[in-house]
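Below: the structure, in C-alpha cells.
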Amino acid sequence: EGPGLGQPLSDEEIPFYARYVMPDGRGLPEGGGTAATGSAIYAEKCATCHGATGIEGPVMPPVGPNDIWAKPAGRYWPYATTLFDYIRRAMPLDAPKSLSDDEAYALAAFILAANGVIGEGDTMDAESLPKVEMPNRDNFLDVWAKQGATPW
Amino acid sequence: EGPGLGQPLSDEEIPFYARYVMPDGRGLPEGGGTAATGSAIYAEKCATCHGATGIEGPVMPPVGPNDIWAKPAGRYWPYATTLFDYIRRAMPLDAPKSLSDDEAYALAAFILAANGVIGEGDTMDAESLPKVEMPNRDNFLDVWAKQGATPW
Amino acid sequence: AGGGAALAGATMPRAARAQGAIPEWATVAGERARGYGMPAEAEAHVQRAILEPFADVAPQFSLSGTPHHRLRGTITPNGLHFEVHHGGRPNIDPERHRLMIHGLVERPLQFDLGALERYPMVTATHFLECSGNSLFNAIMPDPMQAGCDLLHGLLSNTEWTGIPMNVLLDEAGVKPEGRWLVATGGDGPSLARSIPVEKLMEDGMLALYQNGERIRPEQGYPMRLLLPGFEGNMNVKWLTSLWATDAPAHTKHESGEYTEILADGSSVKFTFAMGVKSVITHPSATMTMSGSGLYELSGIAWSGAGPIRKVEVSADGGASWAEAELQGPVLPRALTRFRLPWAWEGAPSLLMSRAEDATGAVQPTREAWKARYDASNFLHYNAIQAWQITANGEVQNVYA
Amino acid sequence: AGGGAALAGATMPRAARAQGAIPEWATVAGERARGYGMPAEAEAHVQRAILEPFADVAPQFSLSGTPHHRLRGTITPNGLHFEVHHGGRPNIDPERHRLMIHGLVERPLQFDLGALERYPMVTATHFLECSGNSLFNAIMPDPMQAGCDLLHGLLSNTEWTGIPMNVLLDEAGVKPEGRWLVATGGDGPSLARSIPVEKLMEDGMLALYQNGERIRPEQGYPMRLLLPGFEGNMNVKWLTSLWATDAPAHTKHESGEYTEILADGSSVKFTFAMGVKSVITHPSATMTMSGSGLYELSGIAWSGAGPIRKVEVSADGGASWAEAELQGPVLPRALTRFRLPWAWEGAPSLLMSRAEDATGAVQPTREAWKARYDASNFLHYNAIQAWQITANGEVQNVYA
C-alpha cells in the first residue's frame, strides 16, 4: 500500500532508549550497584529536585508515599526494571543519558532500599532487579485487557 | 432571535464613507470642479502612482485603455459617480479622505476629460456628474440579475 | 534479591548497552513552554509569497499567496491565510470599532464587540478565494514556473465562527425596498462592495473568529463579512458598515477591478460565486520527483456552488482519467483534499486534475476558458491545471 | 453636462458631507503584508496558561492550557494547542530525525522525512486531551476560581494529516507475537509508552501536519504519534522509535504517572481512552455577565469513544435539562461545539452541561466520579462542570 521506502535498520544504529527494559529483565545490561553507592550519586545529582532523602520533593518523590505524591516510584510501580530504565534514559532531567549502567543500577538500589523494598546491602543487577517483588505489583487492574478501548 | 443589543445609530454618527454615492447621483454633496483645477491637484497628489498624464501607471491608470490596464476608470466604469466617491474615500492611497469635495469633483472632471468623456471646460458637480454618459455603460451583463449565485 | 555482578551462565539474556548514536537533543533538557507557539525554525521558509506589484510607490497594494505546495490537509493555518490588500493592513482599535447597520432599515443600529459577544453564533469551514487567484496562468503567454503559492495561493480554507447576518439584519429590520447592502471596511480606502440582501440572509456571517481564535489583522480584525462561495473581495474585512439600498452602488471594485471583459469586448459584472476548481499540490511546479516508484498524488478541490462531487486525475494529459479518493467530511464551499496512488515510471508524464461539483459543473480546459474572455482578463480563472513531469523528474507548469 | 456650483431647487437630493467621526486608521495607508501572520496586538493576552509546578528546579516540566474561554468554534489554532512537557521542548534537526520500526518485525526499518513525504496520507480532526486535564477540579477541596485555560485547558482540537500507521507497520511486517509497540520520543527524557498493536493498526497515524502546516515543535516536530481518543501522553511527540514487543514494557508513565488509584487502594493501568466530557465555555469562571437578558450558552463536548450524541444543559443546577444544538459536522473523537439560547433573569443560576456519546456513556456528577477514586487521583476527570452565576453576574466555579 505504501511506496516501500523504508531503509534497512541494523542493530548498531538503534540507540539504547529505542528499547525498554522489560519487567522480566530482558534488555538489562551488565553491571550493577548498591544503595550505598547510589546514595552518594543521589545526593549529588538528584536531591535538588527530589529531596534530600527522596521523600521531600518538590518533584514526584520516588520514596514515600506521602502528602506530596501518592505514587512513589520505588514502591508504587509494579516492576523495579522500570526504575533502572527510566533513570538511565531520563534522569537527571538536565543531563539525561549521562549516567552509566552501574550508576543507574545503584540509583535504583538506593530508591528501592529507601522504600524498604530491598535490603540496604542488596546489589541490583540484571539478575536481581527483575526478581524484586514490588509491593504493589498485583494491585493493578489491566483495563486494556479487561475492556479494551472502552473508558474505564 | 438575538439579544437585541444594537444601540441606536443617529445620522450624525455615520461617517460619509459608510454610504456610497449612487449612480443616479444620490448622496453627492455640494461643490464642484473642473479638469483645469483637477489637473493641478492630480500632478501634485496622484501622478507619482498613476503616471504624469494618467495613462502611464504604474498603478491602474485611470486614463486609457492601454497595454498596462484594460479597464481605465474614467472610461471603462459604467458610472462617473463612482469616480467621485472612490477618489474622495480612498485616494491618495497614503492620505485617504484628505481631499475636499471640490477637489474630488475636480479630479473626477480631470480624469473624465482626459478620457475624452467630458469636455475640458465641463464642471462636475452634483447635477452634472450623474448625467455623464460613460461610454461603456450599456456594455455590462448583470450576472446576478441573470442567474443569481450560479457562477457565470 | 541477590549477589554481586551478573553471573556467567545465568539464563537471563544479557544485553550490552546498545550503541546507536544519540542525537544531542536527547541528552539535554528542552526549552520552557511559551504562551503562543510558532512553527519550527527549520520551517521558516514556509511563508506566504508576497507580491507587491507597485512596490516602489504603493507597497500597501499586495497579494500574499498561501504556500499550498508545502501544506497538507484542508485547513489553512491562520498565519498562512492569503491576503490581498488594496490599501494595507489597518491597525484598528477593537474598543472603538463598531458595526453600523443603516439606510433602508427600520432601526439604524450600531454594535460594539462587547454586545456582539452575546449573539448567537455559528461555525463553518469555508474557503476564500480571490477572484484574481491563478492570474498568471490566466494571462501569461508562457506558463510561469513557480510554486502553488504564486500560482494558486490566493485561496485558503479556515473554520469561521460568527453571527448569522440575518440575526443582525432582522434586528435592524431591513425594509422591503432594501435589496442590497453596501458593505464597507474600516481600512484606509474604506473598501466597499454591494451585496444582495438574499445572500446575506441566506448564509452571510459576521465572522469574529477564525480557526478558533479572533480573526487576525490581515483577515479583518476585529470582524469581517463572510459570504460562503463568493469571491474574496466581497467578504469585506474590518467590516464597519452595512448600508441598505434599493440598488447596487456600483462601487469602485464592482465597476472595474472585479468585472471581467469578455471575448466580444462586452463585460460581465456582479459575477459573485467562484467556479469549480482543483489543483494537484503534490507534486506541483518547482518540485522534483524523488525517483520512480509509487507516489500519492494529492491536491485540493473546491467550488463556490456547493460541495465537490468528484475529482478525476489524469497522468497522460487527459487521455484517461481515474477517480481520486475524496477526504471526508466533504463540506460545501470548503476545500476538499483528494488523493490517488500513482506509480511514476520515470517517463515524461502530464498530470491533470478535473473537479466536478454538486451542481454538475466541471472545470474547463484552459483553451475553453480563454475563449470566453478578452485576453486581458485574469479573474475567475478555474481551468484545469496541468503539470508536466520531465524524464528527469522536474515538475513544470504547462498549458495543455 | 453642465454648469457651476449646485443649483438651488434642483430635484436631485443634496447631501452635506456626513459628519460622523472618522477613526485615524481610515485616514492612512495600512501596514505592508507579512510572510507569516500573528494575532492582533490587542489579543496578546490570548495565550496558553503556563503552569510550572517545579519552576525553581525543573521549569521544563510544565502544563500549558488552551484558553477555551477566549476561543469560539472547534478548531484550536496551532499556537494555542495545549502542551504538557515532561522534559521541555526539544530542538530537533528534521534532517537527522528518523523513525525506526524494529523489534518483533520481519524487516527492521528506518524512515526519514523525505521518504515519508511519498507515503499515502489521511486527514482527520481530533481532540487531544491530557488525562490530567481538569486536575484542579478533581483534587482541590474548594473549587479554584480560574479560567477554562487553567481548569480545562489540557485539551485541544486540530486537523491532523499524516500516514496511517498500518501502512508503515505492514512495511516492517510486525510478527504475530508483536502485540505491543513501545513508542519512544526524541525528547531529552525519551518518553516511552507501550501501545497495543490493534490501536495502531486501526486508526493510529504518524502525524506530520497540523492544521495544514508542519507540526510545531511543542506538538512533536517533525512527527508525532496520533491515537484518536487515547490519553494525550500516549500520542508520543517527536516520535523516533516503534519497538514491537510481546508485552507492554511498563514504562515509567504507564507504571506511575498515568495510572489511577481507586477508592479501595487498588489501581487501574492501561486506561487509554478518554471519557465523555463537556464544558460550557461561554460563560465560564472569571467572566462577568453583561446584564440580564438573552445569551447564547456555548461550550465544547468530546469523547474518546466516538462522536457526541447529545449535550444537555441545565440552568437550575440539574433540576431540569434542555438539549443544546450541536454544531455540525459532528465528528468522532473531535470537539463538538454546542449552543443554547438562554435568558438570564439576573438571579443566581447554576449552569451545567452533560454530554452523552454514541456509546451511550454520560458524564458522571463530581460526587460519583470522586467516589470511584482515591482522593489523590486527578486523572481522567470527566465530571459535570457547574458554573454558579451570582446575582451580580459573577461566574464562579462550583462543585455541585
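So that you can tell them apart, the chains are marked A, B, C and D in the order they are listed, and the count of residues begins at 1 in each.
Here, contacts are C-beta pairs under 8 Å (C-beta built on N, C-alpha and C of every residue); 3 or more make two chains touch, one makes a residue touch a chain.
Owing to the predicted nature of the structure, the values given are computational and were not obtained by experimental measurement.
Counting C-beta pairs in contact across A-C and across A-D gives the higher total for A-D. When the contact pairs of B-C are set against those of A-D, A-C or B-D, over half line up by residue number only for A-D. Computed centre separation for the pair subunit A/subunit B is 77 angstrom, with centres defined by C-alpha atoms. In terms of their C-alpha centroids, the spacing between subunit A and subunit C amounts to 50 Å. For this pair, subunit C with subunit D, the centres built from the Cα atoms lie 24 Å apart.
A straight line joining the Cα centres of subunit A and subunit D is 30 Å long.
Counting only residues that touch two or more partner chains, subunit B has 1-5, 11, 13-14, 17-19, 93, 96-97. Those residues of subunit C in touch with two or more other chains are numbered 26-29, 60, 87, 118-120, 188, 190, 293-295. On the side of subunit D, the complex with subunit C involves touching residues 23, 25-40, 42-43, 46-48, 50, 52, 59-60, 62, 64, 70-81, 83, 85, 87-97, 114, 117-123, 158-161, 186-188, 190, 208-209, 211-214, 216-219, 221-222, 282, 290, 293-296, 298, 327, 329, 331, 337, 339, 341. Of all the residues in subunit D, the ones that touch subunit A in their complex are 53-54, 56-58, 60-61, 87, 100-103, 107-112, 115-116, 118-120, 163, 167-168, 170-172, 182, 184, 188-192, 194, 196, 198-199, 229-230, 240-241, 243, 245, 247, 249-252, 255-257, 259-261, 265-276, 304-305, 359, 361, 374, 376-377, 380. For subunit A in complex with subunit C, the touching residues are 2-5, 11-19, 25-32, 93-98, 101, 118, 122-132. Within the complex formed with subunit A, the residues of subunit C that make contact are 1-7, 10, 12-22, 26-29, 293-295. Taken in their complex, subunit B has these residues touching subunit C: 1-11, 13-14, 17-23, 48-49, 58-60, 70-71, 73, 76-79, 81-82, 85-86, 89-91, 93, 96-97, 136, 139-145, 148-152.
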